[in-house]
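The structures come next, written out as structure tokens.
Next come two complexes built around subunit A: one with subunit B, the other with subunit C.
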Partner chain A sequence: MPVSPSDTRGTVHDLAVIGAGPAGLAAAVTAAELGLTVALLDAAPRPGGQFYRQPAPGLGAARPRALHHSWGAFTRRAARLAAQRAAGRVHHLAEHHVWAVTRATADPEHWTVHAVTGPDGAHGPAPELTARHVLLATGAYERQLPFPGWTLPGVVGAAGAQAMLKAGLVLPGRRIVVAGSGPLLLAVAGSLAAAGARVPVVAEAGDYGAYARSPRALAAQPRKLVEAAGHAATLARHGVRLRSRSAVTAVHGTDRVEAVTLTRLDHDWRPLPGTGVRIPCDALAVGHGLVPQLEPATGLGCATRRTPDGGHALVVDGRQRTTVGGIWAAGETCGVAGAELAFIEGELAARSIAGRGPVGALRRRRDRLRRFALAMAAVHAPRPGWSDWLRTDTEVCRCEEVTAGRIQDAVTGLGARDGRTVKLLTRAGMGWCQGRMCGTAVTHLAGDPAPAPTRRPLACPIVLDHLADG
Partner chain B sequence: MPTRNGHHLDTSDVVIVGAGAVGAACAYYAARSGLSVTVVDRGAVAGGTTGAGEGNLLVSDKEPGPELDLALLSARLWRELAAALPPEIEYETKGGLVVAGDEPGLAALRTLSEAQTAAGVASTCLPADRLRDAEPHLAPGLAGGVLYPQDAQVQPALAAAYLLRASGARLHLGAEVTAVLRGPGGAVRGVRTPRGDLLAPAVVNATGTWAGELAALAGVTVPVLPRRGFVLVTEPLPRVVRRKVYAADYVADVASDSAALQTSAVVEGTPAGPVLIGASRERVGFDRTLSVEVIRRLAARAAALFPVLAGVRVMRAYQGFRPYLPDHLPAIGPDPRAPGLLHACGHEGAGIGLAPATGQLIAAALTATPAPLDAAPFRPDRFVERSPA
Partner chain C sequence: MSRRRRRTPAALVRARPEPAFEISLDGRPLPALPGQSLAAALWAAGVLSWRRTRGSGRPRGAFCGIGSCYDCLATVNGTPNQRACLIPARPGDAVTTQEGHGHAGLAV
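The block that comes next holds the complex of A and B.
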């Protein structure tokens, strides 16, 4: 019989896992099978994370697997999770959004996990949960770069479009241009096309030719190549063109998207004059890769490192330990690298925490996939010329409606030099998304050569009363 | 003139280290006195505690004494500045309302306000039944309060940035001062940064919470310590809180010497919509980890004062480290131990409010003109232990 969430009060779990994507799921089942008591918390109603997002049961989707590669890797673990829940070794706390993790007051060797429950925290605070170890498997979110017209209805995040498709099986339009950078675009285009949309083109700002120039990291990853080949075959079957070193530099339409301008880029992603072509479409799915979700890690003081694509990821050792004793991390929080690595790191972390089982082979696979991810990130990393797409009136922060021009003024006229001072002087990043949407762009426009990760002591908004009596 | 190692020599009448509110005000008044001014900061403008504060310009929370005198002068100067600077600094004379939960609290509050009146502070006592005329959403059952019309507010980062811009000072950002240069006889003659030396016969230490380290570069001690504070920021709201409203125990917390955590309800609306909720004080060094205990208490107290806030979302929390000196007074003025060095630091939780008066005092010291008020209580070397010779 599944144990109800309220049963967690008063008990100390061996391990609290935050995030039930591939990394958290793998960690929770492995740890439970090794005899640990585990609490698995996720803001979403069902396990699976970004990649294995499942349609809500009521939607009657017959074959969610049609949208996924390696669906089996997920279903096997989901079945193990069900078994461990039944045995009472895993408390799966769905719709639990963790807003902070802190040292337990009663015992500084333990950790307290603070969460609110229900969609958007509507069901109030969860009972505080205590654990000896905490694994952060909070994944990543999509990076956006602004361009003229990106706020027009019909422009959606690429990952968001995929998520919508997986969760609700709806398409953002019928003729959808996919643009941005990163290998996810291929997956997104493939799924959109498979679901019946016409995808005239995938515009990749990076240079796919660069892969051919780092053959070592690639050759070590036959599975990745098969995966990529799979995407390529899907795209070819649906007549989707892939254009490397190109970007959408303008969106046309009055009330919603009617067309986009696709422009060739130079090596630094500067638009090449005179190369723009207009492509009619009714939606644009755009994204520039993923950014590790570092809350609640930074609130705990876990050290971060710069990633080749200009972001930040958690520092972990050979066993997935962060720099704070008792806090572990796995999956995209340690650097964006795909579902396969997330499974491996989750398992590696669980074995390390349990102090059981061989880890050498896991670690070698991990290191190989990490190297591959680094090479990949370098190919698709945003290049500085992207800001040439902007006009002074292009909104950069949508929540607070701050334009590129105002950010420029804060930098040149008022002495801002980093994301934080731009925020203080313009309000860019102060709105609902707390800079998750505009952070990359603002940091770049601020000219900060060595940006620090943004601190968000609260991982999500919380009703004052829930904070007061949680 | 290029130097041996290729750097340009940068010479001015005064180098101000620190581009926070205090450094900006020093630059502004020094420049207005006719001096050529260079400002240097290792980070951005307002990147230090100025960017982590709330921007209240308060007279209400100060007991009669030198700090209140400084605050009253500053209140007047901020009014002048608001007329001279662009509206972006969000200056508002919204007034402060201090409330008491019970009769003894109210009696103490009245005693304080009477003493403040003698020092030149305007205030009006509000009985319980008139509190909600002033603040319609206040909780029922409070004993009464005192309204302080001189309390005002600015957006601190913008205020510092526009002050600095108006000063016309030469600005070096992203340049950390690594040495204070001394000439023959020990007189200060500038500072060293990785980008070159900035020469001047006077150097102002406006490095806030880090002022002890800068002082050490000049071989002197100024015992500034960090006193941490958290602020909660709600989603934007229509104006449910008009003034700065706080509970009477706040005044005691501000003046407390305890290192332990103190929290009192301090609630205020902002022109942009979000309500800011403070205030906590604790001495925990530069610890940046989140304290759930602190923010829970802040939330509970704010909801007790303004029940309407209970259902509002807190969007974010931030923290800062107030530059704190043992007697809760700033250090302002020349340091006799290092001729040419002046300090303008240690303003704790009132550095935005006290910045203009500090700037005037520094400008007066730099130009050897009469000071607008007696600066003796702020002498930077007042903490020196005298040896029993």
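The block that comes next holds the complex of A and C.
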């Protein structure tokens, strides 16, 4: 019997899945097919997460797969989700922004999920939802490093440009430089070029030559090699040059992007003097890999580990359990590794929660892909010399407009040694985004050798009235 | 003249959108397609900024594209601080460039 998606009061779900990207989607359908009752909460109107973002139905896209890799892996699971929704075993709660998970007052073995609704979270609180298990599949967001001119309109996140293209079929310009680090840049450049943009160059700060020096990790993943070859072929077809060990170190223009300066880097990402080249363009898509989205996990006390690229990810065991009983995690939040692994971890978590095997084969595939991701993260991890790109007037915190010079004053003049002290002294990281854009940069500039993961008691900004009601 | 069709995002996915409708930016009419976010409709019209910062009054627009960075805040139908990258465009939506925190006109 189908149940209204909003009618969740009084029901204790076996499982609440937070996030409907590859990990959450795989977990929700697997768990439901094994007989569990599932609530699937997601901020977007349609399942798929950032990786499988798709045009709104009104845009009438007959061939959305042209913007995606492994599209069939998504559509097969989306069909299974539709079947489980129709059977009333999955409540898909779209446009639900989860801001916290707490122990249920009625039964401390159960969990209460708090969310606000609507496209922007402005439609007010959702009815509280209770579940025996919670799976965190909250994904990742893009890591950014500041450089002169990065706040100019026309400079957009590489993942952001990809998201706007996939969902809205739009481009930020006609001639778009792609820069930063990480394999995502190749996919973004390929999509932008296929959609009609001229992409003069992809600038990768890391060293692609490093892959050739670690052939074992690559040889163990033939599918990844095929995927990389596919990107390379797309770029070649569109005349896109790939420049390794190079970065955009300045953006030029008064009210929007007119050109960028591309500079060669040394091994530590320090600009090599005299190598700057000016490249005319009207947009720059930039990003330095992805950062796991750790809320609401850190608020629950789930343990984290350092990742090879200097970030943090959730600690999980062989069954995707976090260190807090009843809280599970899958996908990028356990360490950025891509959609293929996210599907596997979601399924593994669901089988573990349902207590129904076999999980051995899934676990072996998981461990292989995790090893590959670790090797990849090391190649593209930000190197300390990036801060030589900054000038004293470069804004580091976009929300609060805090410059590198003011942060330097807080560190050298006032003795700040960590990101939190810099924040209290300068307001860097105190704005709307809660440090998601500047966090990596601020902790580096503070000289903090082992920054703790940022704790955000509320995963997204909410209206005070909703907090009082919650 | 080249007979090859121009490459566009819509051509890539063979999109046949429902009819466009009108929104406005600071009173200037702009087209939007059903399902596009406000930010997408603005990008399609070549507009990249619709906010000025509180401190130095610098222009800003969409940056992260997924609702994390809050750079794309706009005043929509009189309500400030709306994330343009998340909100679907609706016929008649009036977007106004947000100055600072967006409350200047509200006498608060």
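The rule is short, and it goes like this: the second predicted complex is superposed on the first by the 467 of 470 C-alpha atoms of A that agree within 3 Å, B and C clash if a C-alpha of one lies under 4 Å from a C-alpha of the other, contacts with A are read in each partner's own complex, and residues count from 1 in each chain.
Just so it is clear, a residue touches a chain if its C-beta (ideal position, glycine included) is under 8 Å from a C-beta of that chain, and two chains touch if they have at least 3 such contacts.
Everything numeric here is computed off the predicted structure, so don't read it as measured data.
Enquirer: Taking the superposition on A as described, I'd like to know which of subunit B and subunit C A:Arg368 touches: first, second, both or neither.
Expert: neither
Enquirer: For A:Ala159 in the superposed arrangement: first (subunit B), second (subunit C), both or neither?
Expert: A:Ala159 sits against subunit C, while subunit B stays out of touch.
Enquirer: Is A:Asp465 in contact with subunit B, with subunit C, with both, or with neither (first, second, both, neither)?
Expert: first
Enquirer: What is the contact status of A:Arg456 with respect to subunit B (first) and subunit C (second): first, second, both, or neither?
Expert: First partner only, subunit B.
Enquirer: Looking at A:Arg270 after the superposition, I want to know if it touches subunit B, subunit C, both of them or none. Which is it: first, second, both, neither?
Expert: neither
Enquirer: Name the contact category of A:Thr421: first (subunit B only), second (subunit C only), both, or neither.
Expert: After superposition on chain A, A:Thr421 lies in contact with subunit B alone.
Enquirer: For A:Trp432, is the partner it touches subunit B (first), subunit C (second), both, or none of the two (neither)?
Expert: A:Trp432 sits against subunit B and subunit C alike.
Enquirer: By the touch definition at the top of the document, which applies to A:Gly196: first (subunit B), second (subunit C), both, or neither?
Expert: Only subunit C is touched by A:Gly196; subunit B is not.
Enquirer: In this superposed model, does subunit C or subunit B come into contact with more residues of subunit A?
Expert: If we count touched residues of subunit A for both partners, the winner is C.
Enquirer: Which subunit A residues are contacted by subunit C in one complex and by subunit B in the other?
Expert: Touching subunit B in the first complex and subunit C in the second, residues 432 of subunit A appear in both lists.
Enquirer: Going by the contact rule at the top, pick out the subunit A residues touching subunit C in the complex.
Expert: Residues 43, 50, 55-64, 66-67, 119-120, 122, 141-142, 151, 153-157, 159-165, 167-172, 194-196, 255-256, 283, 398-401, 431-433, 436-437 of subunit A touch subunit C in their complex.
Enquirer: Show me the residue ranges of subunit B that touch subunit A in the complex, using the header's touch definition.
Expert: For subunit B paired with subunit A, touching residues are 19, 43-47, 51, 157-158, 161-162, 164-165, 171, 173-174, 232, 234-235, 272, 274, 277, 288-293, 295-296, 299-300, 302-303, 309-319.
Enquirer: Would you tell me which residues of subunit C are touching subunit A in their complex?
Expert: Interface residues on the subunit C side: 6-18, 33-37, 39-41, 43-44, 48-49, 53-56, 58-71, 73, 82-83, 85-88.
Enquirer: Quick check: in the complex, which residue numbers of subunit A touch subunit B?
Expert: Touch residues, subunit A against subunit B: 100, 102, 105, 112, 114, 296, 299-301, 410, 413-418, 420-421, 424-425, 427, 430, 432, 434, 455-458, 461-465, 467-470.
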